[in-house]
Amino acid sequence: MRVQAAPFDAAAEAAALTAGRTDVGAVVTFVGLCRDEGGTLAALELEHYPGMAEEEISRVMAQALERWPLTGATAIHRHGKIAPGEPIVLVVTVSAHRAAAFAAAEFLMDYLKTRAPFWKKEHRRDGTSGDWVAAKAEDDAAAGRWDRAT
Amino acid sequence: MRVQAAPFDAAAEAAALTAGRTDVGAVVTFVGLCRDEGGTLAALELEHYPGMAEEEISRVMAQALERWPLTGATAIHRHGKIAPGEPIVLVVTVSAHRAAAFAAAEFLMDYLKTRAPFWKKEHRRDGTSGDWVAAKAEDDAAAGRWDRAT
Amino acid sequence: MKAVYFAWVRERVGATDEEIAPPAEVRNVGELIAWLVARGENYAYAFENAKAIRAAIDRKHVKHDAPIAGAREIAFFPPMTGG
Amino acid sequence: MKAVYFAWVRERVGATDEEIAPPAEVRNVGELIAWLVARGENYAYAFENAKAIRAAIDRKHVKHDAPIAGAREIAFFPPMTGG
């Protein structure tokens, strides 16, 4: 788990989780990228709560590792100014079977979205001051489905 | 979509789907690897139906592209002898939003497992002739959930 | 028409493919399997659990009640285990 | 105790953090918000929709009824939009 300003290498992170192992059957890699929202956005600026961001992501990771039979997992969340097309967040989950890897990756992303202390501010291409991105009810709903299950 | 004996570069395939784009928010990459089943397996040999394998994967890809708002998708399935730790199958799905990318990747894997004409034969470490891997009821069930939904 | 076999169906039949010429009364996949089974022990062994065998006509999955008229290539194989 | 603010709560309050010393009758997060609001227009603006504001005590999410006794750091921020 890392919180960093620098970009990350998704393939290297996935490779690190499977290197030398022969008990892994499924690797799911999720990369979340900055969109330009129809060309209106120059960048997103990600503010975070240093310390709590790391702790909260670690807590969410621990929950995933407890809930699914994973052989490994990684999460990296960037902060700072990020241009359209650039990566913001990475989740990699590794398991013997694909169902666990997929479910854990979705769980991690849903929880990162709604529990990790990060906030996105828009920088607009036309130079006007951008808005803070509003939280989406659909993200809360996505996270909520993990409470109902099992 | 490709069916090939050679290994693939998952990161390069994902990068090709997002290169130059600023409308992509989510990239899901699934890699299925050969497991050694507790050290008993020397290799898996994947037999396939040339021609039909490509056509069936293309049909499944077309269904995914019709069902979810994807900006791109890739599937690669290897055949031939594959050692533990080596990749067998790759699925990459790309979308503005993560829910579509995750769902489409799971759909593609469930359908590849149950519809693409590939068969795995085990080569055992102890030199005894291995079995053909039996199809799993859970894979049929996983594919079946896409019939029930929507 | 051409019959093609894969995986353990291929091993039991003892051939990857062959030309077959079933009589006109063999109309669908299920009847073709029965006709093959009557041809010899290798076929009887390959199709001993006929319901479990999957078939494709001209590279498309079909059920056992699918008509075989006009088919150029009929494939028989166990349930798929790719992915 | 230290109060820290993030995103538009930070912008509206006009500070990233500050030492605060609420009186003893301010027992929980909701009461602390009411106490801050009474301190000035910038706080009133930041907490105008108090129910929407999230809080963390010593870097753990808490609800507004969480007691603040013993807290070293209390954070206020809008709903998260990371990921």
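Going in written order, the chains are labelled A, B, C and D, and every chain counts its residues from 1.
Quick note on the criterion: a contact is a pair of C-beta atoms (placed from the backbone, for glycine too) under 8 Å apart; a residue touches a chain by one contact, two chains touch by 3 or more.
Model, not experiment: these values are computed from the prediction.
Participant: According to the touch definition, list the chains common to the neighbour sets of chain B and chain C.
Facilitator: Under the touch definition, chain B and chain C have no mutual neighbours whatsoever.
Participant: From the centre of chain A, which chain's CA centre is farthest?
Facilitator: For chain A, the chain whose C-alpha mean is farthest off is C.
Participant: Just give me the whole-number Å value for how far the CA centre of chain B lies from that of chain D.
Facilitator: 48
Participant: Where the centres are mean C-alpha positions, what is the separation of chain A from chain B, in Å?
Facilitator: Those two chain centres are 23 Å apart.
Participant: Measuring from the mean C-alpha position of chain C to the mean C-alpha position of chain D, what distance in angstrom results?
Facilitator: Centre-to-centre distance between chain C and chain D: 72 Å.
Participant: Mind pulling the residue numbers of chain D that touch at least two other chains?
Facilitator: Residues of chain D touching two or more partner chains: there are none.
Participant: At which residue positions does chain A touch at least two other chains?
Facilitator: In chain A, residues 32, 109 touch at least two other chains, as defined above.
Participant: Name the touching chain pairs, would you?
Facilitator: Touching chain pairs, listed by label, come out as A-B, A-D, B-C.
Participant: Which part of chain A faces chain B closely enough to touch in the complex?
Facilitator: Within the complex, chain A touches chain B at residues 10-11, 14, 18, 20-36, 38-39, 84-85, 96, 98-99, 101-102, 105-106, 109, 138, 142.
Participant: Which positions of chain B touch chain C when the two form their complex?
Facilitator: 32, 46-49, 51-52, 55-56, 77, 88-89, 109, 112-121, 132-135, 139
Participant: Going by the contact rule set out above, which residues of chain C touch chain B in the complex?
Facilitator: Residue list for chain C touching chain B: 4, 6-8, 10, 56, 59-61, 75, 77-83.
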